[in-house]
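Before anything else, here is the set of structures, which you'll find just below.
Shared chain: subunit A. Partners: subunit B in the first complex, subunit C in the second.
Now for the complex of A and B:
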């Protein structure tokens, strides 16, 4: 006889979401739904009629951890629609900005996941806020890595959070020679720290992989070897930066994308029949609580080739570097492996960058309404923005954000795990729920379904 | 009043020891010399100054990274130069860590406010290494200067060598040697209205402030105010950058500075107060008090 348990809200990720889980008598998840309950802000609908310069700056405000992804994907979707090729040095600055943001984002995610893990060889979980060693030095290193990522992003992109420098047609400002040296010095320092941090995280992960159980609220919860496995596919458009419809060989195909409503994918109404007041911290939802993932989910469900896909570091490594491991631990490993890539990418781009080069296209067409798209490889995966621009104004705008892709995939990956570790699986995706919840869902009659949720 | 000159450690009459700087300096070349010294010593790695603009006598804020660039910004341009507009950008695409900035009293206020209440000014507060303030009675829009010089003084702007407000007159010096003076009464209607609520004459919030009033021609009155300003000023003195005289020994000295400061403050204080009863049962906003 299956029971329903609900963890609401989930913690240690960006945004507001919950887990509605059908479990068997042993507490093993038979079917899980992980869904966004972040209020819909409707960026795509309010973009219509606004200028192509303004919309990416609005889209940036979807998320403050990965605003770079939304700014760049937004701008490059506009450039894709108006068919504008930007100068090489502008592209290099964008690549530096991208890598800097990914560096900071991975480090931030380290802070969020470390409390789930053990100091290798001990029964002590890692509290990143403790003043005690060895954790203190790790926390300091993480903060320095983030500082480096933010500072480089600030120089190349004008601002670390909501970058001001990118614009349709290139960048507003070229970086001075001094700024290039400063970024270079920081990237070199970052490289050393990123190596150390990557190795530390891999040791922590390997230790976790060998464990048979983890402690949740004083109980030993078994850890399945197949934690977080799913048999869905993965999708990535580029190993580091992005692809758009202007590329000779695009890394993404809009014809393979379809969108369905949450109720084609999620469970209908259920009632919570299992509660655990000891679940840290504050317990699960009380018995009798009604949940309805179909109606409550605040995201659409984008499909690639008719099925949900996984996006993110593991998808990138699987697509471009034959990475074959799967499941939660593999996702974490893949994310750490991207640490040093970020620094090498910045160093190489800085080598190639010419401070006196042009950063704005000579001609910026105003658009004829053609569709353009750009797929930015955000820290959390492929962030596709699609746009139609005519006479400088946005006619149509669509955002397919990494965590939106991952929501249904991760929900399937919950099956087979004890419900107490469902959040571990969720955190493997480094979810960014604000990112995922940016759209208004339109049903077949073109009525705005999400309005029902707001009312 | 007694507070009209702000808080300061020392006040001297000074001029640069560099003949090259003095050639085109407005007065004693204090700003150019102090920034040049700070640049050479690595105290700052760039300074926001009023550089040459797209039209004659129109300043354009620029980031000077060398003494040559500082030299190009010498001389007073009596119209608006929004120097603070660059305060964030210098820490971004310019990549500076230690920023120098020169400006009028209101611009010093902006810098300090930005340091204490950095709204949208991430990473700016700790990067201000030296803020030099210049005395300012009032400023003009570019169009005003154009009309004063071209219509009232009857000179072509590109042919003007120097402008000066002093001794109760607006002075325009031509490249060919002619000198035209206008009574200040003529200039009043051309002033920027926003200057009429300003209660700061000698850049009270700068690290070092400087201006012509109080010292003889070719010399400047200098207030060394903050710890940072004092430190840099003493080092520059030790390095032989400046000739100085005690302010008490020069004419007209601090007495005149105080008098003009008091005049400015009391006149503008009245304007500020009159805004409270500007309309019938309605006031205009007063930025010096919290909104009710």
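Now for the complex of A and C:
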């Protein structure tokens, strides 16, 4: 008879989500639901009536991790609607920004997943913050890669977190010759480090693939060879950057996209009947807890050709590079393979970039209400923004962010795994469950801070 | 060098009314000509992962964080906090990062100050653009506080900020 176990919240990724898992007597998942418990975004409604320049900046605030992808997708959806072609040098700066952001993001994800893996040839799990070698050198390398990605992004994009340089019609500023040399040097240094880091991660992953079990809360949990497998399709718009409706051969098709509500997809009310207080970070939910994924899921379920699809590095490699491996380990492998792609992309774009070139379109039409879209290949997968602009104002706006695509796909990929390794499968998608909150929560009695009021 | 000797970050989300306080202060600071060893960053929601984990204590000596903080005061009131005032583990941001953790790592080698502003109205999860008047009025005072903390005498600019504050107060009456 099936039992229900709930892991809430899931950890070591970006955002608030949870897992509701129906498992058999052996603890193997028969049906898993992975759902966002982050409150619903309302940006689509907020966008209506705003100018086409405002909306991408607003959209970039829906998430603290992916502001670059949202800025670029938002701007290019506007350009798609008003039919504005941008100069080649502006496009090159956007590509550099995109690749720099992805480089940083892969390195960040390495830190989040490394505690799931073992130092090859040992039974020691990796603690990325340990001062011991060889992990210390790896951590330093990851930090340097992140610095390089962010610094190049800052130079090309204007600001490191919320890029200020991209604008509808191109870019606000060109990058000087000196800035190009600096980015070039950094990209070359990044390439060496990216090679090393990729090799390290592939060795760690190959070691993991050979293992029959992993340790979770002091218990040996079997690792199926088919961890994270599903029989759904992939969706990617471009190997590195993006596609839009202005492309001669668009990499994405809005007519193939439909959306269903969570209550058509997730399971209804269930009661937790299996709990493990020793599960990491506070244990699983206690027996008797009610869960209702249909009502609690805070995202719609986007479908492509009537079914969920996987987006992200493996989808890109499967679509454009004949990558055929499946499952969670393959997702991790694909992500590492993108490390060097990021650096080569930047180097090639810098080679082609002309610092004296034009970075703003001569004419920026104000739009007639036509639909435009841009499918940006964000680090975590295809980030689609759709827009209708008339007289410079947004009539309609839609965002289909990568993890929204991946929620239902990952849910199906949970089947057949021991419930204790469900989070391993989730982390393979590098989820970014867009969310927002303010930074500081103080003591309930507020005693300490009240003494330091600035009067 | 990604981050220089002095780093000033405004944290928060302008989509949630007063949560946009940090970025609003950054917007004002960016209008000023500050010394080369100072960098002002709109961190949005990305402070913990984009900035605090990338600060190098060999280079960065002072970090100032500007954000809203619920400390039971009147809206717009400011407080200065040290990392020690942020209860360890009490805050885990929306991205499962413990904010205090990277700051705890830095605090003995980097001088960290948090300027907290009491919000009046945070609309999360509903979106609302724009600060309330009380919190907006706290922006000039925060700019002055930041300038004092980094030892920059901005002369007339500070005077102008004070005037702006007075004008707002006058407008209220």
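Here is the rule we use: the second predicted complex is superposed on the first by the 434 of 455 C-alpha atoms of A that agree within 3 Å, B and C clash if a C-alpha of one lies under 4 Å from a C-alpha of the other, contacts with A are read in each partner's own complex, and residues count from 1 in each chain.
One rule holds for everything that comes next: contacts are C-beta pairs under 8 Å (C-beta built on N, C-alpha and C of every residue); 3 or more make two chains touch, one makes a residue touch a chain.
This one's a predicted model, so the numbers in the text were calculated from it and none came from an experiment.
Trainee: If we overlay the two complexes on their shared chain A, which of subunit B and subunit C does A:312 touch? Say first, second, both or neither.
Mentor: neither
Trainee: Considering only the touch criterion stated at the top, classify A:159 as touching first (subunit B), second (subunit C), both, or neither.
Mentor: both
Trainee: What is the contact status of A:251 with respect to subunit B (first) and subunit C (second): first, second, both, or neither?
Mentor: neither
Trainee: Applying the document's definition of touch, where does A:327 land relative to subunit B and subunit C: first, second, both, or neither?
Mentor: Neither: A:327 stays clear of subunit B and subunit C.
Trainee: Looking at the overlay, what does A:147 touch: subunit B (first), subunit C (second), both, or neither?
Mentor: Only subunit C is touched by A:147; subunit B is not.
Trainee: A:67 contacts which: subunit B (first), subunit C (second), both, neither?
Mentor: A:67 contacts subunit C only, not subunit B.
Trainee: On the superposed three-chain arrangement, identify whether subunit B or subunit C touches more subunit A residues.
Mentor: Partner with more touched residues of subunit A: C.
Trainee: Applying the document's definition of touch, where does A:428 land relative to subunit B and subunit C: first, second, both, or neither?
Mentor: neither
Trainee: Go through the superposed model and pick first if A:178 touches only subunit B, second if only subunit C, both, or neither.
Mentor: first
Trainee: Touching subunit B and also subunit C: which subunit A residues?
Mentor: 151, 154, 159-161
Trainee: Under the definition above, what is the set of subunit A residues touching subunit B in their complex?
Mentor: Listed in rising order, the residues are 151, 154-155, 158-161, 165, 173-176, 178-183.
Trainee: Under the stated contact criterion, what part of subunit B meets subunit A in this complex?
Mentor: Listed in rising order, the residues of subunit B that touch subunit A are 45-46, 65, 89, 91-97, 122-123.
Trainee: Which positions of subunit C touch subunit A when the two form their complex?
Mentor: 2, 11-16, 19, 22, 41-47, 49-51, 53-54, 65, 67-73, 77-81, 85-87, 90-91, 93-96, 99, 114, 116, 119, 122, 124-127, 129, 141, 145
Trainee: Spell out the part of subunit A that touches subunit C in their complex, as residue ranges.
Mentor: 9, 11-16, 38-43, 45-46, 58, 60-65, 67, 108, 143, 146-147, 150-151, 154, 159-162, 432, 435-443, 446, 448-450, 452-454
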